[in-house]
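Below, subunit A partners subunit B and then partners subunit C, in two separate complexes.
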Partner chain A sequence: MIKYIAKRIVQFIPVFLGVTLILFVLQNVVPGDPIKLIAGEKKLDPQTEISLRASYHLIETDENGEAILDENGNTIETPLWKRYIQYIVGLLQGDLGRSYQQNGKPVADILAEKYPYTIRLALLAIIIESIIGIAAGMISAIKRYSAWDIGVTTVTSALVAMPAFWFGMLQQLFWGIFLKNVTDGAFYLPISGAGGPHAEFQAWAYYLLPAFTLAAVSTAYTARIMRSQLLEVLGQDYIRTARAKGLSRKAVIFRHALKNALIPVVTYIGMDFGGMLAGAILTETVFNWPGVGFETYRAITSRDWPVVLGSVTVIVVVVMIINLVVDVSYAFLDPRIRFDGSKSE
Partner chain B sequence: MFGLGLKKRNTQDLRNTPIPEGHHLLEVNDLKMYFHTEDGIVKAVNGVSYTLDRGETLGVVGESGSGKSVTSLTIMGLIPMPPGKVEGGDVLYRGKSLISMSEEELEGVRGNDIAMIFQDPMTSLNPVYTIGRQLSEGMRLHKGMSKKDALARSVELLRMVGIPNPEQRVQEYPHEFSGGMRQRVMIAMALACEPDILIADEPTTALDVTIQAQIIELMEEMQQKNGNAIIMITHDLGVVADIADKIMVMYAGSPVEFGSRDEIFYAPMHPYTWGLNRSIPEPEIGEKHPLTPIKGNPPSLVDLPEGCVFAPRCPYATEKCFKEVPPTYVTESGHYAKCHYSGNAEFVRANAPETSRTRKVAATPTEDERLKKGGRAS
Partner chain C sequence: MPSSSMNRRTFVKGGLAASALGALAACGKKSDGGGAASEGGEAAGTAATGGVVKYYLSNPVAIDPYNAQETQGMQVTQALFDSLTDFDWDSGELVPRAAESWEVSDDAKVFTFHLVEGAKFHNGDPVDAASFKRGWERICDPTMATPSVIAYHLNPIKGAEAMQKGKAKEIEGVKVIDDLTLEVTLTEPMAEFPYICTHDALAPVPQAALDDPEAFAHAPIGNGPFMMQGEWVADQYIDLVRFDDYYGEPAKIDEIYFSIQKDPETAFREFEAGNIDFTDIPAGRIQELESKVGTSDDGYTVTPGKQVLKGEEAGVYWLTVNVKDDVLSDLTLRQAISLAINRQNIVDTVFEGTRKPATSVFPTTIDDDPSDVWEFCKYDKEAAIKLLDEKYPADSKGKRGIKLTLSYNSGGGHENIMSCIQGDLEAVGIECTQESMEWAAYLSAMGDGTVQIGRMGWNADFPIMDNFIYPNFLTTSENNYSKYSSKELDKGLVEARKIVDEEERKAAYRKLNQIIAEDMPVIPLMYYAHNHVGSERLASLYNNPQTKTDFETVEMA
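Presenting the complex of A and B:
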C-alpha cells in the first residue's frame, strides 16, 4: 500500500505542472497589462512603473532587484518560461507570489486567511450530506414505493435540478426576509457574511444557510445513490444467503447490505468533499462568504492573476490528496481492492 | 463495522420437539404459490405434495421454471410476498405449519432447523466479510455462541468440509476461494447449526464436472454423520441417480411423477419422466441408445394449457389429454404419476425407455466405488 501511495504521489507531479503551466500561459494570452490595471485611472510615472514591474518579476532584474536595461535604455521583458520556472521555484519555498491588488499582499497570506472559512463550511456541508443523504436513501430503499420513498425521490429530483445559487437566494428570502417580517423581527437567520467582532448573531448562525445550501444538491445525489445501491445490493444472492441463515430483515440490511451499498456512496462523498474544498464559488458568492471560492471569483473578475494562480495551485493539491485518501479508503470497505490497481474477483 | 448485535433467539429449536404421531419430518400438502404480476397470475407452484423423513434424500427434478426452486424457497419462507402468495396447501415441519408461522418464529427455523445451499457459490457469499464472520453468524444467532467460540467452530466446520489449512482460510475473503471451495463453505455454513433438513438448490450446476461429484459426496457424508434429510433440487436426473431415496419429477409447477429412486429409474410411468431419462447422456450413445431431447418448451406459467400440462410436448398425447386434467395414478407403494395412461400397464411397457439403470447409469469410477462403499447401491 505504501508503494501504491508513493506511486500516486509521484503521479501528482505531471498533473500539477500541467495545470499550473496552462494557467500560466493563459494569464499571458488574455489581453490587459497587470501593471496598468494596478494603476487604474492614474498615470504612473515611468520610474514607479519600472520598479513595480521589477517587483513582480515581469522584467529582468539584477541581484539588487534593479531593472536591467538594454543598450537603448529599455527594460527587458522576462520571457514566459523563465517566469514559470521562477514561479515553481518560489512555490517550492512556499512563495505563491503577491496580489496585484490589496497592496501587493502575499497570496499565501490571503489564502491562509480565507481557507479556514472554506474548510469549516465544507466540513459542515459534508456532515449534513452524509447524515441526511444516507439516512434518506436508506429509508427510501427499505420502504420502497411508500410515501417516504415517493417523498424522498421527489424532493431529491427537485434539488438536483435546482441551481445552487438560486436555491441559496430562496433560502435568503425565506429565512432572512420572509421569516423576519412574519415574526416581526423576533426570529430570522443571517444571510450574508461570516460575522465578526460586532456581528448581530453568534458566529455559528452564519454557517447555517451557506452550509445547507452547499450541501443541498450533494445531499440529494447522496440519497439517490444510496437508494439505488441499497436496492441493488438487496437483490444480490448473498442477501438471500443471509436471510436463509435466519437473520432478520433489519440485521440483513445493517450487517450485510449496508457496507456493500456504501462503497460507491463513500466515493461520491469523498470526491464531493474535494470539490467543496476547492471553494464553492456560487454558494460563497451568494452569501458573501469570505472563503477561497469567493476570493477566487473576485480575483478572476479583477484579473488578479497571482491570486487566481495561487488558489488554483492549492486547490489542485488539495483535490489530489483527497482523491488519494478516497482511493485508499476503498481498501477498508472492499477487501477485493488490491493496490496494484486491479479488482480481483 | 455497523455491527448490529446478534442476540440469541428466544424461540425454541424445533428440531428437538418430537414428531407427532402420524406425521413426518416434513410434509408438503398440495402447496400452491402464485405470483401476482402485471402480466397475470404466475402459477409457479401448483399443487405440490410430498413427505420426507430423517436421513432421507429427496431429489426434485425438472426443467428451469418448473417450480422446483420456488417450492423450496416457499418452505423456507424466502419468497417475497407480495408479489408471491400462498394460495393453498400447507407445509408441516414436525407437525407445525411453516406457512402460518410468524416471521420471527420462521427466522428461528431458517438456518437452524432447515438450512439451504444455493446454486451459485460465486455470488452467494458476501464479498466484504471474511468467511469466518459469515460462518459464525448463524451459530451466534441460533446457539448464542460467543464470537470466539463461533470462530473456533467455524475452523472445525471448514476442516470437516475438506478445506485445507482452515485456521488461515477462516480469516480470508470469499474472492480468495475457488468456486468449489466456496460451495464447500456454503455447505459448512448450512450445516453449522446441525439442521434437520438441508435443501440444496442445484448445488453443483455452477461447478466444474470434476468438482460436482466431490460436492455430492460431501453432502452424503455429512448426512450419514448427522442424520439430516436432504432435498436435492436439480435439472439433471443423473445427479440424483445415486443419492436420492425418493424422486419427484416436476413439470410446469406441479409434480408429474413421484416415487422411490428405483421406481423412477426402473419403472417410470409418466412420459415426461421417460423423456428426462432419454436425455441423460450415455457412454455408449448410438443407434442402440439414442439421446432423445424432449421437443418444445415448457408452457407459460401464466397461461397453462387445458387438460394435461405436458400434452403439447407429449409424443403420446391423445385428444383426451388436451381436454381433461389427468388423475393421479397411485401404485401400492405410493409411487404416483399424473397421466391418463399411467394405469395402462401395456402402454407403459410398450413405450417406457429401456431405463438407464438397467444399462447402468453414466457412472464415473469414483461413483461406482462410492456406491459399493456406501452400501446404498441397488
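Presenting the complex of A and C:
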C-alpha cells in the first residue's frame, strides 16, 4: 500500500509539469497583453509599460532592475523557457509570483486569503451531499416505486435540470426577501457575503445558502447513483443467499449490499469534492462568496497569468491528492481490491 | 373529508419545517445592541445625524491614490483623500479643497498653491507641501515594487517624465517653498492644470506610504473626511469611519460600509432585502423602480420618495472608426454611417430611455452650449442614402458593395447596441457583421489597428473639454484608437491650453471640437447616464456626474 502511494505521488510530477507547461505556452497563444490591461480602459504610457514589464521579469534587466535595450533601443523579451524555469525554481521555494493586478499582491497571499472559504464551503457541501444524497438514494431503492421513490426521482430530476445560479437566486429571493417580508423581519437568512463588521448573523449562517446551492445538483446525482447501484446489488444472488440463510432485511442491506453499492458513489463524491475545491464560479458569484473560483475566473479574463498559474497549481495538487485518497478508500470498501501489485483477487 | 385532513396534516408538517428553519435562522442571528451600535453611540457626540451608509461597490482595482483610476476604487479614495482642488458641479466652478487658494503665472506655466493651515492626516501627521511632493513623486518613481500605471496625469509637470524614466530622483517642477506653499512648474503652458489637481491620484500622502507601500495599499492613510477602519478585505468589504480631526466641515454620517459585490444582480437583491442603501439598477428594472420609489428631481440627489437617479454623466459612448482602413478612410462613408444610426431608438430600446443620444464628443455636463454640435451626428436616413448614392450606388438588391465589421467587447451588453446599429446600416445598404471579443483581446486588437469599427467609452478624468480631446484625438495620444491625425488639431490643442481666460478657452475648444466633427474619426452615439437607486433610509445623497458620491454631505433619515 505504501509503495502504491509513493508511486502515485511520483506520478504527480510529470502531470504537474505538463499542466504548468501548457499554461505557460497558452500565455503566448491567447490574445491580450496582461501588462496593457493593468491600466483598464486607458492606455499605459510607454515608460510605465517598460517599468512594469521589468518588474515582472518579462523583459531582460540588468542587476539594478533596469531594462536592457538592444541596438535599436527596444526592450528584449525574456524567452518563455527562461521564464518557465524561473517559475518552477520559484515554486520549489514556495514562491508563486506576484499578481499583475491588485498592486502586485503575492499570489500566495491571494490564495491564502481565499482558499479557506472555498475549503469550508466545499466540505459543508460534501457533507450535505453525502448525507442527503446517500440517504435519499437508499430510501428510494429500498422502497422502490413507493411515494418516496417517486418523490426522490422527481426532485432529483428537477435539481439536475436547474442551473446552479438560478437555484441560488430563487433561494435568495425566498429566504432573504420573501421570508423577511412575510414574517416582518423576524425570520430570514443572509443572502450574500461572508459576514463583516455589520454582519447580522453568526459566521456559520452565511454558509447555509451557498452550501445548499453548491450541493444541490451533486446531491441529486449522488441520490440517483446510489439508487441504481443499490437496486443492482439487491438483485444479486448473494443477497438472496444472505436472506435465505435467515439474515434480517436490515442486516442484509447495511452489511452486504451497501458496501458494494457505495464504490461508484464514493468515486463520484470524491471527484465532485475535487471540483468544488477548484472553486465554484457561479455559486461564488451569486452569493458573493470570497472563494478561489471567482478569483481564477477574474484572473483568466484579465490575463493575470501568475494568479491563473498559482490557482491551477494548487488545484492540480489538491485534485491529485483527492483522487489518491478515493482510490485508496476502495480497498476498505472492497477487500478484493489491492494495491500492492503482488496479486489481485 | 379525507382530502382536507390530508391537507391540514401537510400544512402542519410544512409549518413545522418552516419554523424549524426559521428558528435556525433566528439562532444564527446576532443579538441586537452589539459592537456596531455602541460604537455609533460613542461617536454620536459630534454628529448631526450619524448612521451608517451601506454602499455597493464592484471589486475596486485600487483604493490608494497610487493607482486611482476607475470609478469603483476612486469612490473610496475620494472619501479618504482630499486633493488640492475640487470641482463644484452646481456652480460649474473649481473650488478650494486642501489648497485654500492658488495663483497662476501669466504664461500659464507656474502655479502656486497655498495649503489650508492645520490640516492633518488620519495618523496625525501634518498635511504640508512636502506631503504633496511625496505623493506625486511616489507615482513617478520607477523603482517602486509595482510601478504606478497612472503617472501620465503628472506628465504636464516639468521633470515628471524624466523621473519616470529613472533619469531624476525627484520631479524638478515641484517645489516646496515652505510648509504651506507648493510651486508647480509645467513643461508647456496649461491654464487648466488646477482641474487636473482635482484628481485623487494627486492627493498628498504621509511618510507611512513610503515606509510600507504594501500596507498603505490596503489601508491608506489620507487627509479626507473619512478614515479606514481596519483593512480592505478583498472581495468582501471596505469600512470607513468619520475622521473627527478633519480640517473642513465634518461629515454628517458616522460610517461608510462599502459592500463589495461580484454581481450587480446580487447587490440589487441585497438592496431589496434592505441591506444596501445605494446600488446600480439591473437592466429592465428602471421603470418598475421609478413607479415604486420615485425619481430624483435633479437626477443626482436621492431623497425619500425620489430615489432613482437618471442624471447625465460626464461620459460618452462612441464608435471608434479606423481612419486608416481602406474602406473607412472615405469621409463621406463615415458621415453616412453616422446619419444612418437611429440613436434615439438605441437609448429607448436598450436603456429604457435613460441615456441621451449624443450630438458631439462633449457630454452636456461638460459643455452645455447647444450650438456646439456635430453636423452629421444625428439620425437622417434619407440624407445618408443620398450621400451613399453618389459614391456607392445600390445594386438591384439594394446592396452597395460595402462590407463592415462591428467589433465590441463581450459581456458588457454591447451586443444589443451593435444589433441596432447593424439593422440601421443594413437598412441603407451597408452590409455588416458583428465580432465580439473578450476585453483583453479587444484592447489588443484596437491598439493594433485591426478593428474597422469598434465601440469605446470615455469618462472624464477631469471635468474639462480638454480631457475629451487631448487623450483621444491628438496624433501621439495613447488612446487614439482611430489612428487619427490632424495637424490643425494638434497645433490648436497646444494653443488652447495656453489660454488663461475661461470663456476664451472654452471657445477655442469648441473650435477644436468642430475640426473633429468635420473629420469624424469617431461616431458619438450616446451620453452615459446614472442608473442608480437609493434606499428610503437615506435623507439625502448626492452622486455627481462623475459618479462620485459626496459622502460628507450624505445624511441618513
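Everything below uses one rule, namely that the second predicted complex is superposed on the first by the 326 of 345 C-alpha atoms of A that agree within 3 Å, B and C clash if a C-alpha of one lies under 4 Å from a C-alpha of the other, contacts with A are read in each partner's own complex, and residues count from 1 in each chain.
Just so we're on the same page, contacts are C-beta pairs under 8 Å (C-beta built on N, C-alpha and C of every residue); 3 or more make two chains touch, one makes a residue touch a chain.
From a predicted model like this one, the values you see are computed outputs, not experimental measurements.
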When subunit B and subunit C are modelled together on subunit A, clash or fit: fit
Touched subunit A residues, subunit B compared with subunit C: C
Touching partner for A:K250 - first (subunit B), second (subunit C), both, neither: first
Which superposed partner A:K180 touches (first subunit B, second subunit C, both, neither): second
First, second, both or neither for A:D334, with subunit B first and subunit C second: first
First, second, both or neither for A:L52, with subunit B first and subunit C second: second
Degrees between the directions from subunit A toward subunit B and toward subunit C, using C-alpha centres, nearest 10: 150
Touching partner for A:A242 - first (subunit B), second (subunit C), both, neither: first
Subunit B versus subunit C as contact partner of A:A205, first or second or both or neither: second
First, second, both or neither for A:A194, with subunit B first and subunit C second: second
Which superposed partner A:N260 touches (first subunit B, second subunit C, both, neither): first
Least C-alpha distance (whole Å) that remains between subunit C and subunit B when both complexes are overlaid: 29
Subunit B and subunit C contact sites that coincide on subunit A, given as residue numbers: none
Residue ranges of subunit B touching subunit A (in the complex, touch as defined): 1-4, 6, 9, 76, 78, 103-104, 107-112, 115-116, 118, 120, 123-129, 137-138, 141-142, 173, 175, 186, 189
Parts of subunit A lying in touch with subunit C, wherever the complex brings them together: 30-34, 36-45, 47-48, 51-52, 55, 65-66, 98, 101-104, 110, 113-114, 169, 172-173, 175-177, 179-180, 183, 186-194, 196-202, 204-205, 208, 284-288, 290, 294-295, 298, 301-303
Of subunit C, residues touching subunit A in the complex: 21-26, 28-30, 35-36, 52, 54, 59, 61-62, 64, 66-67, 69-70, 142-143, 145-152, 155, 161, 164-166, 214, 217, 229-230, 233-237, 239, 257, 259-263, 265-267, 269-270, 272-275, 437-441, 443-445, 447, 456-457, 471, 478-479
List of subunit A residues in touch with subunit B within their complex: 236-238, 240-248, 250-251, 254-256, 258-260, 333-336, 344-345
